[in-house]
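Okay, so subunit A shows up in both of these, paired with subunit B first and subunit C after.
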Partner chain A sequence: MLKVLGKTLRSEFSLYVISFFGFLLLWDWVAKEQILGRSLAPPLDVLKELHRLTTVKLAGKDLFGHIWDSTRRVFIGFAIGAVFAVPLGLLMALNRYINALVKPVFDIFKPMPPIAWISIAILWFGIEEASKIFIIVIGAFVPCLLNAYNGVRLIDPELYDVIRMLGGNRRAEILHVSFPAAFPAIFSGLQISLSIAWTCVLAAELVSSRSGLGWIIIQGMRLTRPDLVIGGMAIIALVAWLTTLLISGLERLICPWKRGIKEGYL
Partner chain B sequence: MAYEAVKVKTPLIIKILSAASIVTFFGGWELIVDLGIVPSTMLAAPSTVFKLFIVKLTDPNPDGALLQTHAWISIQEAGIGYLLSLLIGIPLGLFMGWFTVVRGIFRPLFEIIRPIPPIAWIPLCIFWFGIELWGKVFIIWIGGVVPCVINAWTGVNMTNPTLIQMARTYGASDWQIFRKLCIPSALPMVFGALQITLAICWTNLVAAELLAADSGLGFLITMGRRLALPEMVVLGMVTVGVAGALIGVAIDALEKRLLAGIRR
Partner chain C sequence: MKVHVLEDISLEVYDNEFVVILGPGQSGKTTLLRIIAGLETPTSGRVFLNGEEVQGPGPDRGLVFQSYMLFPWRTVLGNVEMGPRLRGVPKEERRKIAAHYLELVGLTGYEKYYPHQLSGGMKQRVGIARAYANNPEVMLLDEPFGQLDAQTRYYMEKETVRIWEQEKRTVIFVTNNIDEAIYLADRIITMEGKLPGRIKAVYPVNLPRPREHTDIAFLKLRQEIIEASKLLL
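Showing the complex of A and B:
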């Protein structure tokens, strides 16, 4: 008996299972005993609430409508940010005149958290879609540009030596060394941008909106409905995680030479 | 690298271009507001922002506190949250990297919390802690702890396996290997986490203050919007940016000094 117990405790997978269900049970207990007052809903209530929202309309949209609203904002803003930032970063790294022109201004904006732009975005664009997308563009812009820029600048100079030895000109250097070597860095920039984009859309929806997952959460807060709040959080985590998977799938498809490069952190 | 890096002097034209770009940026900003191309209800000229900066150093109106008070409150909140994420995140990451039991217990919880944007915790925090200091500290902590754990964990995983096998051959215990091999070899990654965590903490601070605060730099920005004073919004943004950049430089200097002997 003890032997079995010892074996269970040493296998990672069984510990995962124990920990996961232990967490759910603890959560359920804390919520049922109302240790934190009425501000925590048990996990089953959250699931029930989410299931109810798939059929009942909240502010004219069911759960999928709200998910779609947030996802659409994220993808529009993310796409605009990436389309401008990645080429600009590459150009800055490849041409020192462009770098001298853009870098000083970029350095002014770099340390400002994208969320600090919410107020000015509302002053400029009102509380409609445009202001939310603007914040996402700002948030996605910085890591995309930085990673494209550093991706090219940190290329091993010996790679350039190789292509020069083979008689390549500047164009061949850029096409055959700079771009492929910078790809992994660009993709990790896209990953960071995407997670920042989710944070931004959430912040924008929390401050002012009439739909989206952030709105569900803030609505739960106004009505003191913790099940709605936690349900919204869970859905955001799920959708954000799925979009991240999408990007890493794309990455594996587009630049297979990155496999084997270890890069687990941010 | 086999050769010495050659020091190249920056050509004059590059320096001129950089200076010109900054001057054009501020000049253009000042001009589009002064000439009325952008109405002054939407954007404040740099000169107006600077004037407000001087005034706010001595005048607590209309938002109820001096600029330095707001900044100090924000730095306090961010500092406590930052230190707590380091104190809990780094040891947790180190232990998760080496001990199966710790990894088995904490990994599922970590994977559940990781994809939730820290901002999403704000409503729960208001339920639990109110809008006082600890609610904001919790949001900053939960955002900051994630990169700490990931970096410390990755750092332990990157320990050279040959060294571990050698230590085993000489009869080192698990704990000895962890202390003498894994922790030192994880240090550069752990120090890398200091900067990343700081940036994340600072962003989350602004978010937390935008939604639930009665003082602090994020609150200053929100008040600027409510009172339709764009110069106050811009002043808040600039202060947040400058303070963030200054703290980043300080951490960088500290890191260089502490890590002087360790290969990166």
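Showing the complex of A and C:
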């Protein structure tokens, strides 16, 4: 009996399960005992509230409508940021004149948190979609550029020697070494950008919006509805995680050599 | 900072000769090989191949790297056919070329593997096949087995002789391993153990192949080189 228990405890999967349900139980207990006052809703209430939101409309939209609004903002801003930042990062790494021209300006903006742009964005673009997307573009831009840049910069220069010895020119070096070698770094840049994009969309929606998951959270706060707030938080975590899966899937598709890298040697 | 790496190097290598450059670390032997490859430009002096001056890297010389330098994003086949591909050889033909050299190095059947799925010895076989695939006149090998364990290294040395006898090329092979040098070379060039690197001595190796590490003549030559170098190689 004890042996079985010991074995169960030692398997990682059972520990996952224990961790997950232990957390839920602890949460439930803290909420029901009102250790944090009335400001924590038990997990079941959160689930019920989320379920209710799928049938009831908040500001003209059900839960899926709000999820879609946030996700759409993230994707548009993220896509614009990546489309400009990745090629720019690659160009900077490949050409020192472009680098010398762009890097000083980029270095000024690099340490600036994207959220710092919110007010100016609203002044420039108003409180509608454009200002929110602008923030996300800014947030997604920096890690995309940095990772593409470093991805090329950190390539072992001997790989270029291989191409040159085999009869390739500079164009072949870029095509057959710089780009493929930078792919994994580009993808980790995209992952970081995506999570920053979610932070940005949330911040933008908290400041001013009429829809989206950030707006749901704000509504919950205004109405003193912890179940609504926590529900919004949980949904954001879930959706953000699903979007990162999308990027990982894309990476597996484009970088087949990264697959099964842990499978070991023959 | 400028460092004077090589001085007074005069070396002639003959057609299909297997020359081993033997020297300890920091003796400039890798720099010498890179100059022959055309990857480094010497501040003075010149390199000729068939009477023509070497002006830079090119497919008439095949280079095999100490750390393999395979393209991790290409399969074994993709790595081996890279040379012909860069020279514009059509797909059908370069597949044939790659298959031929993969067979030469004993990797038939591994075409679709990625480098990270291979052991060190197999990686270097790919490195050798890739350099061969351009049909170079000269093969340059820069401590190609330096990262292998002793067992695999010994085996790869045997394989090197087999491959070279099957597809003769002029070979310049750099190593810091005296046994490897005697096992492989037609001629051993030893380098001084400090910078600037100079050629210290030349030893023809007239032993029949395949050689035995325990052969009396092998050991005598080994002793002679060690004593002359006054260095533990």
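Here is the rule we go by: the second predicted complex is superposed on the first by the 259 of 266 C-alpha atoms of A that agree within 3 Å, B and C clash if a C-alpha of one lies under 4 Å from a C-alpha of the other, contacts with A are read in each partner's own complex, and residues count from 1 in each chain.
Assume contacts are C-beta pairs under 8 Å (C-beta built on N, C-alpha and C of every residue); 3 or more make two chains touch, one makes a residue touch a chain.
The model shown is predicted, which means the values in this text are computed figures rather than measured ones.
Trainee: Report clash or fit for the pair subunit B and subunit C bound to subunit A in the combined superposed model.
Mentor: fit
Trainee: Once the shared chain is lined up, is A:Ile122 touching subunit B (first), subunit C (second), both, or neither of them?
Mentor: first
Trainee: In the superposed arrangement, which partner chain does A:Leu166 touch: subunit B (first), subunit C (second), both, or neither?
Mentor: second
Trainee: Looking at A:Leu206 after the superposition, I want to know if it touches subunit B, subunit C, both of them or none. Which is it: first, second, both, neither?
Mentor: Only subunit B is touched by A:Leu206; subunit C is not.
Trainee: Which holds for A:Val177: it touches subunit B only (first), subunit C only (second), both, or neither?
Mentor: Only subunit C is touched by A:Val177; subunit B is not.
Trainee: In the overlay, answer first, second, both or neither for which of subunit B and subunit C A:Pro226 touches.
Mentor: First partner only.
Trainee: Contacts for A:Cys255 in the overlay, against subunit B (first) and subunit C (second): which applies, first, second, both or neither?
Mentor: After superposing on A, A:Cys255 lies in contact with subunit C but is clear of subunit B.
Trainee: Which partner, once the models are overlaid, touches more of subunit A's residues, subunit C or subunit B?
Mentor: B
Trainee: When the shared chain A is used to line up the two structures, what angle, as a multiple of 10 degrees, is there at the CA centre of subunit A toward subunit B and subunit C?
Mentor: It works out to roughly 80 degrees.
Trainee: Shortest C-alpha to C-alpha distance from subunit B to subunit C once the two structures are superposed, in angstrom?
Mentor: After superposing on chain A, subunit B and subunit C come no closer than 7 Å at C-alpha.
Trainee: Under the contact definition given at the top, report the residues of subunit A touching subunit B in one complex and subunit C in the other.
Mentor: Of subunit A, residues 265-266 contact subunit B in one complex and subunit C in the other.
Trainee: Which part of subunit A faces subunit B closely enough to touch in the complex?
Mentor: Spelled out, the residues of subunit A in touch with subunit B are 9-16, 18-20, 23, 36-37, 39-40, 96-97, 100-105, 108-109, 111-120, 122-124, 157, 195, 198-199, 202-203, 206-207, 214, 217-218, 220-221, 224, 226, 229-230, 232-233, 236-238, 240-241, 244, 262, 264-266.
Trainee: Going by the contact rule set out above, which residues of subunit B touch subunit A in the complex?
Mentor: My answer: residues 1, 13-15, 17-18, 20-22, 25, 41-43, 100-101, 103-109, 112, 115-124, 126-128, 147, 150-151, 153-154, 157-158, 189, 192, 196, 202-203, 206-207, 210-211, 218, 221-222, 224-225, 228, 230, 233-234, 236-238, 240-242, 244-245, 248.
Trainee: Inside the complex, what are the residues of subunit A that reach subunit C?
Mentor: 156, 158-159, 161-168, 172, 176-177, 180-181, 183, 255-257, 260-261, 263, 265-266
Trainee: What part of subunit C is in contact with subunit A in the complex they form?
Mentor: 37, 39, 56-59, 61-63, 65, 67, 69, 71-74, 82-83, 86-87, 114-119, 122, 130-131, 134
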